[in-house]
Amino acid sequence: MKSEIRTHHRWIFWLILISTLLAGCSGSAPKPETITVSGAFALYPLMTQWAEAYQQVNPAVRIDVTAGGAGKGISDTLAGAVDIGMVSRELSPEELNQGAFPVAVARDAVFGTLNAANPYLDQIMQKGFNQRLLAGIYITGEITTWGQVLGKPGVTDQIRVFTRSDSAGAAEMWALYIAGKKQSDLLGIGVNADPGILEAVIKDPLAIGYNNLNYVFDPQTQKPVNGVVIMSLDLNGSGAIEADEIFADKASAIQAVAEGRYPSPPARDLYLITKGSPGGAVKDFMIWILNDGQVYVETNGYIALNPEQLHEMRSRLDVQP
Amino acid sequence: MNVAAGWSKRVKSRAQTRKQRNRAAQRLFAGSAALIFLVFFAIVTMLVQRSLPLWQSVSPQQFITGRVWKPDQGLFGLLPFILGTFWTTGLGIAFALPLSLLSAVYLAEYARPLTRAVIKPVLDILAGIPSVIYGMWGVLVVVPAVQNIFAPSFSRAFPHAGLFQSGNPTGFSIISAGIVLALMIAPILIALMVEILLAVPAGLREASMAVGASRWETIKYVVLPKAASGLIAALILGTSRALGETMAVLMVVGNVATLPRSLFDPAYPIPALIANNYGEMMSIPLYDSAIMGAALFLLVIVLFFNILSSLVLRRMLK
Amino acid sequence: MNPKRGTRRRLAQFEEAFWLTLMRLALLSVVIVLGWILATLLLKGLPAINWELISQPPQGGYYLGGKGGILNALLGSIYLAGGGTLLGLIFSLPVVFYLATYLHHRSRQAALIRLMLDVLWGIPSIVYGVFGFLIMLSLGLRASLLAGIITLALLELPILIRGMDEFIRTTPEELVQSSLAVGATPLETTLKVVSRQTLPGLITAVLLAFGRGIGDAASVLFTAGYTDHIPTSLFEPAASLPLAVFFQLGTPFPAVQQRAYASALVLTIIILFISLLGRWLVSHFNKFLLR
């Protein structure tokens, strides 16, 4: 037993030696003008494109983008492990209190989806959904059949409700829109990620689900993905569905979001955050994103901020730290 | 307890340097073994420490027996997740064990060397395919099969057995998770079991055959008993692995935090809870600590299971 | 011939035939289903595999269907899993030897070590990820290749040790005893007898561990990060194939999703290659094995 105690000491010694060595090395590792970015998967593709374009204009800057989820991005940023965090949901008060400084850089929107082969599709689309009806399906669980949706007790086909299993901005927005609730209040079978829920809806004629803009529209045809129909929402509360409440292609959906006819939520802002207001190379990069960088937003399928918002965000960055 | 100490008497006459070298090596080896304890306790300490904020608002008993998980309202009930973990793992093992054991015995005792040579690399590959792929395959094949074939036919065949009834007709269910889980651990189980069976000394087999036992009798009375503890250890490893398996299960299990009543109900195992929320929510202290609390409890389950099975194993060996 | 013995004999034959059929069926079904999974992977991934995919890092807009490949993830994964397995092996061999020669088979200390290892084996990799993340922060590291390697080594440690240990435990105890009896010290027994016996088990364990390491997404997500750059030092973040699969599957573009399957296929081919190499080594070393 004695020898074992001694070996413990020995190991602790080695551990300390190795860790000091490593810590020593890492201190000299970061190169000048490296901007590190981490966070939400939703913003990763756009950010890599921004990074590449910005590095072409400013060859002295190197931008390392990693993805790992919004919470990871926020805690990395707040811990000082990275310079910029990508966030695809609203920030919580706790996060703002710790000094998170959010700047909106693009928008996204969530749309309800139905299977194109739903046997009652025409009637459903004509009647349309509203928040009360969706709350009955997604929150209280009072509405379980398509008959209840249509007001026809004779129809007893069950609604197959799908929701996101992973914490996601889209699900938060959907719950907030329906009843001012949180993702954990949503009922339904939890499926992983946007493509997962889309696929589940495509496979089941009686399904209902929701997806981010980019996932419901086919990037080639600009129409809803084969097998899926975007549910009509009674957005103006008229009790009936008008032509501009049916989204048959991407342009009309983007237009509705941009004009504010499609409410927020389920439309939402995507943020970059820094710890306190940014300065130096990070600030330059963020200003570039809000100016020259905006051309990449719509070409990559995201929704651009409207001019007032852009102006607001630019002036937000101009405040000296 | 320490055998080396007893042996050292026997080698008294040997050169001093050999003894010293031996002792130095023993210390090094023991030190490495101590490292295992260090890692284990470091992980436990981390989980306990990270979950501390949770215990200020929820008692451990409430945490384990609570049925509602709504972090935003301060409700942290882990029971649905605990049951979800038990159901999916249990079913996965129930599917995987007979298949793996039979396959392993065949591969080790009957198969031609060529068959073995072909199958082993295939098993290695399958053990290394990312779980996301198993999950995708589960969504593509298993979930529709459960929805369209298994669920209707089982509920028709056993109209009074609650275990086979379900109000959830989507196919995302415990049974889908069990099947996918079984497929994931089968390659690991088979690889380990074949290795263990092959390591049974050939002399034992020859002796048994020499007294007129058939090959099957040799397996039944000589090989399997000799390998039993190894096989059970492999099973324990497989179960431990299944308890922690995350992505593939998460993609097919339905992730609904209610108490499951039938094999065709959706469930929500603890690893899925961790994976679904951790990256997105780690910046919110109470959420982070609730998830670390769940991870801590999963570790307790794995620990408990391992202690239990090693006790059983020890009794068996006596 | 005694008719009673004849029936018993026939019964035994029937029993063997019965179990043999069952075994064949089991193996067949396992092989068919697992082959199905591989076939799905091939079918979906093969069309998207080309030279560009494996020879170039992603360019801007890659995740939106643009040009480039997954060289960053390919190299990152090899570095990560290779480094992790090597580091894990360095730390696991002494423990295996300790279990094999210094501790009696069923000693309490050995049982405790095995219990710890089995529990460590069952911890989900995301917990290792969080653990590695905290170690990383306490060492003052950022998400980097090194942090990923350390985390993977921790994750693979139980697989390596238990894999080898289970194998060694089935080798004849008399071998160790007789080595000790002729006067070899435990160390000499370890190096000259046990280590040779360990080789095939070692290779199997290394393959299992490497497979687990290269296929694991959650633990490297937190520690190695994910980046489009190819790492040039241990302190830079590194991409990995499972994460590449995960990302690309999560994009809305079918062309990119197809690349996810191609990436998984590339991963599979790497494992196949390593496996074949390992198997060849096993058959090479098996000649020296004493039973």
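As written, the chains take the letters A, B and C, and residue 1 is the first residue of each chain.
We take it that a residue touches a chain if its C-beta (ideal position, glycine included) is under 8 Å from a C-beta of that chain, and two chains touch if they have at least 3 such contacts.
In this text the structure is predicted, and so the values were computed from the model without any measurement.
Chain contacts here are complete: no pair of chains fails to touch.
Among the remaining chains, A is positioned farthest from subunit C, on the basis of C-alpha centroids. In terms of C-beta pairs in contact, B-C outnumbers the other of B-C and A-B. For the pair subunit A and subunit C, the distance between mean C-alpha positions equals 34 Å. The centroid of the Cα atoms in subunit B and the matching centroid in subunit C are 15 Å apart. Per-chain CA centroids place subunit A at a distance of 34 Å from subunit B.
With touch defined as above, residues shared between interfaces to two or more other chains in subunit C number as follows: 221-222, 249.
Contact with two or more other chains is made by residues 26, 28, 30-31, 35, 247, 275, 278-279 of subunit B.
Residue positions of subunit A touching 2 or more other chains: 68, 72.
Those residues of subunit B that touch subunit A in the complex are listed here as 23, 26-28, 30-31, 34-35, 38, 69-72, 135, 139, 144, 168-170, 172, 247, 250-251, 254-256, 266, 268, 272, 275-285. Across the complex, subunit A is touched by residues 58-65, 137-144, 146, 221-222, 225-229, 233, 235-237, 247, 249-253, 257 of subunit C. Interface residues of subunit C, counted against subunit B in their complex, comprise 12-13, 15-16, 19-20, 22-27, 29-31, 33-34, 36-38, 40-41, 91-92, 94-95, 97-99, 101-104, 106-109, 111, 113-127, 130-131, 134, 154, 157, 161-163, 166-167, 169-172, 180-181, 183, 185-188, 190, 200-201, 204, 207-208, 210-212, 214-218, 221-222, 241-242, 245-246, 249, 261, 264, 267-268, 271-272, 274-276, 278-279, 291. Interface of subunit A with subunit B (complex): residues 3-4, 6-8, 10-11, 68-72, 74-75, 78, 89, 92, 94-95, 158, 160, 162, 165-168, 182, 184-185, 187-192, 196, 199-200, 203-204. Contacts from subunit B toward subunit C in the complex involve residues 1-4, 7, 10-11, 14, 18-19, 21-22, 25-26, 28-33, 35-37, 39-40, 42-43, 46-47, 50, 98-100, 102-103, 105-107, 110, 117, 119-122, 124-134, 136-137, 140-141, 183, 186-188, 190-192, 195-196, 199-203, 214-217, 227, 229-230, 233-234, 236-237, 239-241, 243-247, 271, 274-275, 278-279, 292, 295, 298-299, 302-303, 305-307, 310, 314, 317.
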